[in-house]
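Once you scroll down, you'll see the structures, which are given as structure tokens.
The following pair of complexes shares a single chain, subunit A, combined with subunit B in the former and subunit C in the latter.
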Partner chain A sequence: MYTQALNTAETDDRGLEDAGKAAQFQARIDAEERIEPNDWMPAAYRKTLTRQISQHAHSEIVGMLPEGNWITRAPTLRRKAALLAKVQDECGHGLYLYAAAETLGSSREELVDAMLAGKAKYSSIFNYPTLTWADIGTIGWLVDGAAIMNQIPLCRCSYGPYARAMIRVCKEESFHQRQGYEIMLTLCRGSDEQKAMAQDALNRWWWPVLMMFGPPDATSQHSDTSTKWKIKRFSNDELRQKFVDATVPQAQYLGLTIPDSGMTQDTDGHWRYSEIDWTEFKQVLAGNGPCNRDRMAARRKAHDEGAWVREAAASYAAKRAQRQTAQAAE
Partner chain B sequence: MATPNTPLWEVFIRSRNGLAHKHVGSLHASDTTMALQAARDIYTRRGEGLSIWVVPSTAITASDPAEKGMMFEPAESKIYRHPTFYEVPEEVGHM
Partner chain C sequence: MLVANIQVSETPLVLYALRRADDALILGHRLSEWCGHAPMLEEDMALSNIALDLIGQARELYTYAAKAEGRDNDEDKLAYLRDVRQYRNLLLVEQPNGDFAQTLVRQFFYSAFADLYWRAMLNSRDATLAAIAAKSEKESAYHLRHASEWIIRLGDGTDESHARAQGAIDHLWAYTGEMFAVDDGERALIHAGIAIDPGALRGRWLTTLSDVIGEATLKLPQNDWMQQGGRSGRHSEHLGHLLSELQSMQRTFPGLTW
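Right after this comes the complex of A and B.
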């Protein structure tokens, strides 16, 4: 569901590579050709994509935690079935993305180990808690809504396996956003307490959701090369503005107030939002968000407790293979 | 400790009767039974298929993209292999 601009500065090693090959590569990108796993690519392109796709995959997997928190407490069977299906989808999205990342040469195990060791990042949004049922509605409506804004342009990303994975993800994502909005609509048409619960969730999630689009263009470190390589088609601020413009009328329909008293609509129809508190974003990325430690602990626990399953499956497969070899020899 | 690697499989799905199996992606599993079950869970959650093939990724031999000029040029220069290369008078009708 979620990708985020988490780029950090990368050393530029293009000078060491064959300039002719690099120029040919750029010409293919400029001609809108897709790059496939066995094609020649600059080392920095490979590295950037491995980082971006694996972070995206980690985000899908960690993203199951805040929502999984509510599966046993969903208010009706209908909501419970939908939430289960959604969380299952997030797992599937994580797996498509790990597979896409692996085509660049790192194994899934290496990628997962890097995440568990705290060396690879995931989207900052999952370090916020889901305190009430309205948070589940808000996540579907806003977090998935923001993810869709980010992911639609990625369906045209220059790297074939990533673009194809994103097409599948985007098809499934629309259900997530609609079920979230439906939860919000039901709460907003309910009792005063229910509506207040919806407003409270919006108040808590609004700013973190805007941060999902990554740092402002003026300070973003890596956008230039990503844009040149057609990994990124729109800037962080462009996508954020699109999201805000799409979301304000949806909030108005619900009768909810966006927690930004400085918000105004300009003559072109764009909704202008107030300054975002980037210190909070940096703190959450640095590991100091409300749930960073919980999320990492939950992932490590699941990984450790699943070790015996992986071991058992591997030794069963080895035993079967051995038996087959023995039978073949007879 | 580093996690030991689980084998990689390529997944092919036939979406409807009469269509061919099509590559949809890959997954990790320790054996064929688990690969099939995982393929069902990962790639057919919304009725995408009637049949699944899983193939160990190591069993695939791929052509080298760097050689694609040499590999496919012979087909491109032989335009007489296409029906539109031949002239048939209009009076003859559709052929």
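Right after this comes the complex of A and C.
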């Protein structure tokens, strides 16, 4: 579903293996060439991308949980099928992204283990609970909307496999976003109770969604390495502003109120939002969001309880290979 | 009160479509419970896929049942506003997921039947049922292949997976007889060429089972006692819990558009 601007960038260029190769590499990036798995790349580039792509993959997988929470309770059969298909898409994105990360030399198992051990991060947004059906609409509309804002530029990321993955993922996300908005539209055209449900969901998700774009540029400790390597093409605040500008009219059309009484529109048309509570963001990243413990527990449980299944599959595959070898020898 | 259950005029044709729709919905719902919690991502995908196929089949069958009934019921009223005594699905499909072996054995028993059933229904004289069969037949063939491969892997995998798979077979076996039972209403539909005689499929169903279970080094139980009741609304205790979750929105907020 979504990758977040966390602390992904390596801080400097020290230790670049070979100045000549590094210069050549940068020249290729500057010429907008794609870097492919077998190409030479600085160790820090590999590490940064492995971290970013695997965080993105973890986010897709953990992101299945809050929406999965409503699959068994979706209000109509059409909504049930659409939600199940959507969550299945997220899983597909996760698989696709793990495969992209594997091209950089880490196995899916290693990456997943790091997440389950709490060493690798996933997007903070999935640590919030889905309490009502309106949350499913809001996630599609805002969370997927924010994801698209972040991921469209990644379609031009310098690393080929990631860029190509993003092209496919963005197409599906934009479908999800429209689906989410349509859920909201239905609620807002419904009963007072439904409209209140929609407003309540927007109230709860608005600020966490703005946090999805990462810390403000002014306080960001990132170097510009990711920018130089053309992994990142816009700053956190630029993307956040684009998102807010796109979203405010959508909320107005729904007849919903953005829960920011200080919001104003500039003469140049931009919607200026109030100060974001970064303490909350830091707390959620540190593991203290409302659902961090539940999300990790659910992923660990699935992993642990599935161990015997994966062992059985591996054992059967080994037996079959052995039999085939024996047969060939006869 | 709007929350009351709907009434359905269960003519033989309505009841026939409803029973198959309930099978597909309840099994699809069960499989969807795995989404996000499966032993590997590939199975999150596969089980969700199968669930989607089944929910799709259910929607077509409910829509047809509503049309055949000719009142103002529709797919959602049929799914969300009947209580446990009005549900007509097989006991097999409402059984809880249990572990992965139990889910896959349940699926294997059902899909081995559904594969034969939908292929036979291609020849139904009812054009709608034949059209639903044309789609479901392809899906069921894939579901059966997926389940069969897992039964073999689990049976011939490790000691633990073998024991779990055998335990699931022994546990679920008594719920398989109901698939082949026919009542008077269905018998009339069979004579009219609208339905097919499921009893005629039992031999081939057993052959599929024996082949796969044999290759998996597992055994079919000797006990041939078969539990029945789902088709007439006498369910296990599990279904009520499933429905209370499935129907919670429509029961809490009656009569709204979602």
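In this text, the second predicted complex is superposed on the first by the 321 of 330 C-alpha atoms of A that agree within 3 Å, B and C clash if a C-alpha of one lies under 4 Å from a C-alpha of the other, contacts with A are read in each partner's own complex, and residues count from 1 in each chain.
The working rule: a residue touches a chain if its C-beta (ideal position, glycine included) is under 8 Å from a C-beta of that chain, and two chains touch if they have at least 3 such contacts.
As the structure is a computational prediction, the values presented were derived from the model and not from experiment.
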{"item": "Of subunit B and subunit C, the chain that contacts the larger number of subunit A residues", "value": "C"}
{"item": "Which superposed partner A:Ala81 touches (first subunit B, second subunit C, both, neither)", "value": "second"}
{"item": "First (subunit B), second (subunit C), both or neither touched by A:Leu95", "value": "both"}
{"item": "Partner chain in contact with A:Gly68 - subunit B first, subunit C second, else both or neither", "value": "second"}
{"item": "Subunit B versus subunit C as contact partner of A:Thr279, first or second or both or neither", "value": "neither"}
{"item": "First, second, both or neither for A:Trp40, with subunit B first and subunit C second", "value": "first"}
{"item": "Touching partner for A:Glu193 - first (subunit B), second (subunit C), both, neither", "value": "second"}
{"item": "A:Ser107 touches, of subunit B and subunit C: first, second, both or neither?", "value": "first"}
{"item": "Which of subunit B and subunit C A:Arg310 touches, first, second, both or neither", "value": "both"}
{"item": "Common interface positions of subunit A, toward subunit B and toward subunit C", "value": "85, 88, 92, 95, 310, 313, 316"}
{"item": "Subunit B-touching residues of subunit A, taken from the complex the two chains share", "value": "36, 38-40, 85, 88-89, 92, 95-96, 99, 102, 107-110, 112-113, 164-165, 168, 172, 303, 310, 313-314, 316-317, 320"}
{"item": "Subunit A-touching residues of subunit C, taken from the complex the two chains share", "value": "25, 29, 32-33, 35-45, 48-49, 51-52, 55-56, 58-59, 62, 75-76, 79-80, 99-100, 152-154, 156-158, 160-161, 164, 245-246, 248-250, 253, 256-258"}
{"item": "In the complex with subunit A, residue positions of subunit B that touch it", "value": "2-8, 25-31, 34, 41-42, 45-46, 62, 64-66"}
{"item": "Residues of subunit A that touch subunit C when the two form their complex", "value": "61, 64-65, 68, 71-81, 84-85, 87-88, 91-92, 94-95, 98, 133, 183, 186-187, 190-191, 193-194, 298, 301-302, 305-313, 315-316, 319"}
